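Below: a set of structures, written as structure tokens.
What follows is a pair of complexes built around chain A, which joins chain B in one and chain C in the other.
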Partner chain A sequence: MTENGLVVDNLSVTLKTRDGDLMPVSCVSMEIPQGCIVGLVGESGCGKSMTARSVMGLLPYGGSISGGHIFLDGTDISAFTPKQMRSINGSRISMIFQEPMTSLNPVVRVGKQIEEVLLLHTDIPKEQRKEHVLEIMREVGIPEAERRYRAYPFELSGGLRQRVMIAMAMICKPELLIADEPTTALDVTIEAQILKLMESLRRSFNTSVLLITHNLGVVARICDTVNVMYMGQIVESCVKTALFENPQHPYTQGLLASLPRLDRSERLTNIKGTVPPLNAVPEGCRFADRCPLATGLCRTDPPYQETEPGHFVRCHHCSKKEA
Partner chain B sequence: MNRKKRKEIKSIPKGHFADICRNFARNKTAMAALAVLILILITALFADVIVDYRTKVLAQDPRMRLLSPSAEHWFGTDNFGRDLFGRIIHGARYSLFFGIACTAISLAVGCVLGATAAYYGGIIDNIIMRITDTVMCIPFLLLALTIVAVGGPGLRTLTIAITVASVPGFTRMVRSVVLSVVSKDFIEAAKSCGTKDAAIIFGHILPNAIGPVIVNCMMNIAGIIMSAAGLSYLGMGIQPPTPEWGSMLSEAMKYFRTYPHVAVCAGAAIMITALCFNLVGDGLADAIDPKRRR
Partner chain C sequence: MIRYIAKRLLIMIPTMLAIIFIIFFIIHLMPNTPGRVILGISASEEQVIEKNKELGYYDPVPVQYVHYIINALKGDFGVSYQFGRPVFDILLPKFPITFRLAFLAILTSSILGILLGILSAEKKYSAADVAMTVLALFFASVPTFFLGIIMMLFFALRLGILPSSGSGNWTHMVMPVLSLALPSAAFISRITRSTMLDTIPEDYVMTARAKGCSPIRIIFAHELRNAMMPVVTEVGMNFAGLLGGSVIVENVFGLPGFGNIILNAINTKDGPVLMAAVVFLSFMFMIVMLVVDITYALLDPRVTARTVGGAK
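Moving on to the complex of A and B:
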């Protein structure tokens, strides 16, 4: 276990609802070493955002961490009080959201909104704060920063707003940036620019990034390692190249097979069935009902094991192949 | 050409507030109502300068009773020979005082209660809202009448009565507005930056909720002016000889068949003021709501 960066150890999240307790995240472990971009991939509702929110201490009403720990540079932040969480949110961990359109306060000028983060976490005097804000605005590639400083969010385009969000997140030079589907609401050209920006920020600030996405193209572009989530569990974890060249879990294989490709003309495959609801989690392997390889063995919990150095898979069949 | 165009664009003020002002200015009815309101406000403020309170408004003169409107007495005189114009503009002070003061106090209380209920939710929300619901079960006038009956008629009791009776409405309104803002993404984004609760409520939630709240206030002022006049009409508010529109109207009803101008003046004053507040409120609602904008 590394000392630097974020370590999520066996994290479980319980959500109290009227229909009983649900577990959107169960026993998730992952590591984000300092300066790395780690992808968290999975379809909607598989627990990606819940994992991110528990790291931020922003679980929705009724949600709580029911097991495991989150370490930031060796400190257990999963046991932090809300007040302690507030002091590290924005300064050591920060987050950018999916919808840049709605994530900015519409009645406050963007410069002021960025400045507010500085006000909260530093004691830089007022005159210098504006300089800092302008500097970070230039850093994230906002043209005419002086003019944009006084702009309201509705006067900016989607890409610029996302840049403002990134400026807010990066102004205190946090160790970890959580990006919750940062490019989903943007068109592809802007997506490419934003990803490029995140990569250059990672290099200049040595910030680690947890990139949540359902877009494997985004993963292929900038991630170092990837975690694939299915129904609250990590089913496969490996470096990026291994994921695309040698996917081992049937779910990952299914995901990759359902990407359209120009160099093949056969019909696009898809993963059959749908994700079962969280209150009806199947016994044993959670993917068994939809898995082409499923056997009787899959009704028991599959082991999470290293099949190749640095390549972890949660599947009975993958272990067999290796043995 | 190009330079001229750029200059034009520059001269238009930017921002939310300026936008709202521009939209409001385009609404002719609302602007007319606002002009009348300002006129009423000015006459009420300078009532002492325009008409002397002791000699014209309170002093009775039986020889001059129930005169029709003339150059000397613009609105005529009442059954005690007092100048009606003077009584109306002095009466405006009471009506405006009730309308604005009661709204301000109940708004302040309602904002605190409603915002707390909406932001924290859960049991706090339940306690505040169930008490509000209980108070709201009692009809507005009945509640106000009860409080006046306990405290005795007069300016202070009337203010308290009307304020207490209108707090639940404000609480409910503020809560619903705040609830719709709390669920927005930028509140979560603010939380993710480590912003404190109080800063979120005052810095992010209330500025976004202020529009509908102001509109509601304008409407509420109209309602309060009418209920204050109503209570005084019933003899539960301001007592004669103090010039209050409601009590003036109630007295004038005795002569309504023979000398209708007394009742008409008092009634028209109430109606016009309330109508103007309503129209301004409507205009603001149109100006603020982006969906109704061009």
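Moving on to the complex of A and C:
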């Protein structure tokens, strides 16, 4: 547990709502070693953002970490006070969001918004801050940084705004960048550019990235390892190549089968049924109702086990195959 | 920005002309003729008609209107029927009192209203929020004169710490300012509360938290600036209202301001004074609204981009 990077250990999040307590994240474990890009994939509503927000200490009103730990470079940050969290948010862990259109303050110049991070986390004197801001703006590929420094968000395109968000997130050279669907709202050419940028920043800053997406195409492009999430649980975790060549969990197989591919001509299939609501979590395997392999055994909790070195799956059937 | 202001100033000219026309027309409908007002009830009908002719009272209203405008542009707003002195000289010395009253009141109510509104929003549904809602409801609905009289009873008669009327040093301003400021603070705090609440779920607030901003910084550096637009409108409207609407408070506290003059002019049917006072107040109202719009543009860069086409 002393290694560098982020370790999420058996994390559960409870959300108090009017209709009772929900658990959008239950017993999630994953590792993001320093300098790696780790994907977190799953259909929308499966708890990806909640996981990310619990790492940032930014759970919504009524939400709290109800179990497990989060270690950043060996320090348990899940027990941090809000004040301690604020001192690492933006400097050691930063986050970018899905909607570049609304994630920037509409009435503040973008340069100033990036500069605010320096004001909060460094003691660089006022006169020198702008130079740092322009430097990071150039680094994330914002052309005419000097002019863009003075621009307001509404004057920039979606792609540029997301670059501003990235500049803001990277200016303190954080150990971990959490990117919550950073390209979902962008068109595909811009998506490719942003992914390339994150890839190169990871290399030049040695930052780990937790990349949240529902798009397996994005995973295929830049992730090192992948965690597949379903209804608040990690159901499969492995290196990227294993996921695409040897998917083991029926849910992962379903996701892959619904992905169009040029080298195969068979019909696209969908996973049948829909995700049950969080207040009606099925007994045993949460995917059983939608699973083609489901048997009576699936009414009991499946074990989360290593079927091949480094390849973890939460499924009764996968464990059987190995035996 | 300059172009934007210039455009707004130009629009003020036709608006002002229309306002003057309407007021002019209404005042013309007053039952007494000017001759009768000036000469009194003892004068004969012939003398009155003679005087009216002299004043151009029988000219068609549009002609009188044009005359009025031309004279007004020269700074001549006519002569008071009651005092026989130029209207301008009568009104000018009253202005500082009214302006100071309105200004102090709006300053107090803005600070109070915005801070309490923020507090209400941050602690929504708490006991403090509920208490402030009730208080705001009270102050928004209680008539100003009543508030003034209650304060007078308490601070002047009971405690004897503030003078009950008159003008002179700052102590004379405390109660009039408060009785104007409290109701307006009530409105401002309500608006602030609701617009602040609107900003809380915004994505940029989440971004600010992700940066590591403290709650105080999030409120003042991020939420408030976005929530200010409706608040500024409310403040502007209240200020404009205070400039003309402090009639009652000025009377309660015996402050010789604009309100007093207007009331007096109505009682004595002093047309020119009434006319000029109302024109002046409309003018002030428009200036205040212009300032509000300029503040908009300063607060939100998108406003200038929309209205002028390109902020640069």
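Operating definition for what follows: the second predicted complex is superposed on the first by the 317 of 323 C-alpha atoms of A that agree within 3 Å, B and C clash if a C-alpha of one lies under 4 Å from a C-alpha of the other, contacts with A are read in each partner's own complex, and residues count from 1 in each chain.
The rule is short, and it goes like this: a contact is a pair of C-beta atoms (placed from the backbone, for glycine too) under 8 Å apart; a residue touches a chain by one contact, two chains touch by 3 or more.
It should be emphasised that the depicted structure is a prediction, and the values quoted were computed from it without experimental measurement.
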Exercise. Could you check whether chain B and chain C clash or fit when both are placed on chain A?
Key: clash
Practice problem: Classify the contacts of A:Leu104 with the two partner chains as first (chain B alone), second (chain C alone), both, or neither. | Solution: both
Quiz item: What is the contact status of A:Met56 with respect to chain B (first) and chain C (second): first, second, both, or neither?
Solution: both
Quiz item: Should A:Leu120 be classified as contacting the first partner (chain B), the second (chain C), both, or neither?
Solution: both
Practice problem: Mind working out whether A:Met168 is in touch with chain B, chain C, both or neither, as first, second, both or neither? | Solution: both
Quiz item: Is A:Gln305 contacted by the first partner chain B, the second partner chain C, both or neither?
Solution: neither
Exercise. Indicate the residue numbers of chain A shared between its chain B interface and its chain C interface, in ascending order.
Key: 56, 58, 85-91, 94-95, 97, 99, 102-108, 116-117, 120-121, 152, 155, 165, 168-169
Quiz item: Where on chain A is chain C touching in the complex?
Solution: 56, 58, 85-91, 94-95, 97, 99, 102-108, 116-117, 120-121, 152, 154-155, 165, 168-169
Quiz item: What residues of chain A sit close enough to touch chain B in their complex?
Solution: 56, 58, 61, 85-91, 94-95, 97, 99, 102-108, 116-117, 120-121, 152, 155, 165, 168-169
Quiz item: Within the complex, which stretch of chain B touches chain A?
Solution: 14-16, 121-122, 184-186, 188-196, 199, 203-204, 207-208
Exercise. Within their complex, state which residues of chain C touch chain A.
Key: 202-204, 206-214, 221-222, 225-226, 299-302, 305, 311
